[in-house]
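Both complexes shown next keep subunit A, but they swap its partner, so subunit B is in the first and subunit C is in the second.
Now for the complex of A and B:
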């Protein structure tokens, strides 16, 4: 393997390409070793649901999940067609009858669950960011506000968001009462739980970023007699952006992890429920299906983080800073 | 206090008289000849029903998959629930429009043991379908006591008498003997208790008036609640030594090699009523057409499940093994659904009536079934005080609603989808089954005499007994 890499790298005259090939090669090699180890070790573990699935079995179930999704979409189309026929019949019998087309009532597939989870985490994260960034800036700029908020932040920061879950569930079901709700209660419960745990890293990091703005820059602002708002927008925000994004990335990472746990616990739709349902089913394919979910959760978490990193690159004024 | 004692017998007499009158005349008057009105359009078309991952939720899955709900103009979403309490709360607070329920749940909710709410049941969902499983370790200790057949296999039914020495040994060692059941008012709780008590083991009493709802007072065996799908893993973890649960969770233990089913409820009480379909009274009053249509769809599903001597069962098992319904392996579910039951690994026996959905009037909501559950609630102290027979009749009438069932059945007959012979004779049916004689301990149950029945049971509260 190494010799092959060496050979490849000698062929490439440019140093950058060599570096790239090397890093890709190392990643691929490490991943293959991981797969081999997984496949060898999993075969040794005998559970009451059969042998722990290896990569091949997991891949097989991934395909099954895709097929199930396709079948379900086909059923959905048939369901919609039946509805239209039935509605037409109803109207023919009684022209004043109220008819409507309702969404599909069948099961949510794996991919539906992924979408639900992504939507939930996005909502929760967005709310958290909208609340946390202003608070972070305010506390970073004012010592008094910092002193006021700090105890509260320190008190709630270490609380596991799952401890909030029962309270959130009860509050949502008591407060959110409407005849034709825009969102499902379960969606709100999950999203708010995510919000609660996304708040703290963003607030703290933003505050630190804002309070550690270079004093020289602030002094320049004072010398130029910039008004408060301009000073904030032109000096404070740009220089605190790296820290702010560190906080946001941390938040999103935690939010994603918490969401899966919350969905499992509260039986709210999403990937967590998928995992829990499969665990409960205890079929011989359950473990493989759960592993598919685990890998997808990992991949999506990774993708979310990369997405934030890209945003950070876009917004950051210091393009030279190494980001990883 | 004195006042009450004075007036009670008179009131009781009046109640009994009115009730007897209404039972004997009410149904008879309304039956044939009355003008038959077609059920109108459903008032509510989008419905959400809850279920627990057990094979006896099959009528719901079939009514959905076969399009019977849609034929009635109903668009139903089926949603698995985490446990029986979540399911009941869902129905009570309206998140669910109805659910697959334990027969005891509507009764207990209506009389206020646990969450109080008036829940009714327009049809029963099935007969039998449960089993009692013990862990491998307990089975090894029990097995020497069990009489053998000529071929060396254990003689069935296995009575709790053979478990008794094991329980006594645990007791002597100061170790509590723990078993799981699925809910305090579940059929499983009463069946497990019946089996244990028939073998001379006291399963313990409840005393709700003293705030004790653990059901472990004076117990030889401590029973506790575990959700059905978690039974096998809880037993594997050693938290409980055995359990009583519906399928496929007994067969799952055999497949996983962690336990041995010792008896099915069919052997404890032949053709015992099992799950019911529960809805709030409020719902049925607000949406009467919807209610009747739901019952119609489920009756068709039940008939399909039992049609042609269980010919459709393999197809049903296929639906049930989908992850969104029961989700266990096809083979595990098929074992009990297709008429066999595997006890010890390899010891497969024929139990053709293990799951009955339609035969023997399985769907008819008999008052006598309700009264048996009420009698067991009294027997184990969930009903703390003695109640007159009339109370049992009244409560059963409040919860079990053969009138709705009858409407749905007549509609199906008129549409030509079913025959009158598929149902009890509505003109003469009084809602009481013939006295039931096939209990494991040979004691006869007559639904018309609940207090006398309680007197005939050896272990348990009776008469004025209080804990």
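Now for the complex of A and C:
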């Protein structure tokens, strides 16, 4: 929409409009070709769960998933209503009776899993950002701190976060002991795994951004005799914001990918578990349902990245930030 | 022109550490500058012009000797020696007004009220004819406009010395001419002492009271000093046909292309005590016959 307005607002819009039509047209054409190829090629592949589903089958299952969600919500509402009636009766007979409200424990629907995954990735990413940005700033500003942190960063950066998963699981089980836990252990495990992989790109990019501030800009600060804190706030931090956002976007992208894998591996609630359960389920619809999940994972990943880009556009002075 | 020494460089030498031991970039630079004087530093690339400027700015420390401003040695950067950087160096996330405000708030904290500061910032924007672009950010401004804001920022610090490192080097010829005219106007109005680095011979002759020509590095120093005794205000169109103007021009060109060949072409000729002699003694005399007395061939 923004792009459209942008084009329309320019003078001589006929050329711009043609450009827009062209770019949209190319996208639509490419997507149609993709769908056709998918449909044609999938039909050739015979698996033990039947023919590899094409776009039509996947669409059908997407609707089924929506319906299942509605049915499940209906059941939940009915359960709550029954419970309320029962409790009301109990209270009518005996006003002092102990009334229990039990939560509904039906199976999580596709949409519940989506929500869980989004919450988990947001939590993990947030923790990582809160830790990584200050470390990045500190290491970017001080050679000593950089020398101190660099070996640790270099050592852990290439480690797949999934290798951490067993350790995180055990540590969470051992440390997070509470009778009335605020978060489920599985949620914490997944979130911390996401944190572990979101740390590095943010730390590194922030440090590079902070340490590569234009020397002339720093000289401006020196000529003005700005105190250290003012210099940091007014010159160093703003000029490293674009790099910081580059790191954050990378982190979120990696975090999202890692989360799905972690959920599959650890059977923690979320989209990954949905995929794994369908795989284990092995019904004739499983492959189509997994493909729905794959597409949704892609769409959400894309949406997360766009969300970060919008934040970057809002907070960064560098409006030329790439759209890619 | 007053004869009181305002800014003095005394036997300034600077060594930069390298892997092969110290590299002497400047050797024994001596220069006395009067209040309100406009000085141009000219020389081939790599001759240490910027280093001289940075020493006056306090961004570099001289290995030997140093700069003295109003009797006080320069030890660190400060707003009384404002710098206009070659690539404008405006903070890209601030508007023109905010860029100037950053300096004004720092320099005049506790000395000016909020309203006074605002008026002062607007006054300086007006001085460089940039009032219309007050709220524009650097990426919305052309190169010349950015440099105007850069000059306004420096002027708003109310500097005693304005240091300009090739301020118009990156601009096209027309824009450069506009800015040179603006700079002449401002200099006439405010009377700051200005030290400007330039590669442009016409610019040096048009703007300067004295042109300081530097020898090639390493161990660069002041080769010659040329007094420009042209009436102010100067008009570039009138001067284009002026004999005196063209004479000055050719003197600078001769220095640059005959006596100081480009680095690489020359076998380093030994610089024998090639400092700028004290010019103040010959100043009155020079007003009558500057072209002869002021040119001191020191080497070659």
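Criterion: the second predicted complex is superposed on the first by the 295 of 324 C-alpha atoms of A that agree within 3 Å, B and C clash if a C-alpha of one lies under 4 Å from a C-alpha of the other, contacts with A are read in each partner's own complex, and residues count from 1 in each chain.
The rule is short, and it goes like this: contacts are C-beta pairs under 8 Å (C-beta built on N, C-alpha and C of every residue); 3 or more make two chains touch, one makes a residue touch a chain.
These numbers were taken from a predicted model, which means no experiment stands behind them.
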Worksheet entry | Side-by-side fit of subunit B and subunit C on subunit A, or clash | fit
Worksheet item: Should A:55 be classified as contacting the first partner (subunit B), the second (subunit C), both, or neither?
Response: neither
Practice prompt. Pick one for A:234: touches subunit B only (first), subunit C only (second), both, or neither.
Written response: second
Worksheet item: Of the partners subunit B and subunit C, which touch A:102 in the superposed model: first, second, both, neither?
Response: first
Worksheet item: Which of the two partners, first being subunit B and second being subunit C, lies in contact with A:267: first, second, both, or neither?
Response: first
Item to complete: Scan A:284 for contacts with subunit B and subunit C and give back first, second, both or neither.
Response: first
Discussion item. Between subunit B and subunit C, whom does A:253 touch in the aligned arrangement: first, second, both, or neither?
Written reply: neither
Discussion item. One more residue to check, A:25. First (subunit B), second (subunit C), both or neither?
Written reply: neither
Worksheet item: Looking at the overlay, what does A:301 touch: subunit B (first), subunit C (second), both, or neither?
Response: neither
Worksheet entry | Per-pair minimum CA distance [subunit C against subunit B, superposed on A] in Å | 53
Worksheet, complete the sentence: Overlap of the subunit B and subunit C interfaces on subunit A comprises residues none
Worksheet item: In their shared complex, at which residues does subunit A touch subunit C?
Response: 214, 216-217, 219-220, 222-226, 230, 234-235, 238-239, 241, 317-320
Item to complete: State the interface residues of subunit C toward subunit A in the complex, per the touch definition above.
Response: 57-59, 76-79, 81-83, 85, 87, 89, 91-93, 102-103, 106-107, 137, 139, 157
Worksheet entry | subunit B-touching residues of subunit A, taken from the complex the two chains share | 48-49, 82-83, 86, 90, 94, 97, 102, 105, 107-108, 173, 185, 267, 277-278, 280-284, 286, 289
Item to complete: Would you mind writing out the residues of subunit B in touch with subunit A in their complex?
Response: 41, 45-46, 53, 64, 67, 70, 73, 75-77, 80-82, 86, 93, 95, 229-230, 232-233, 236, 252, 256-258, 321-324, 326-329, 332
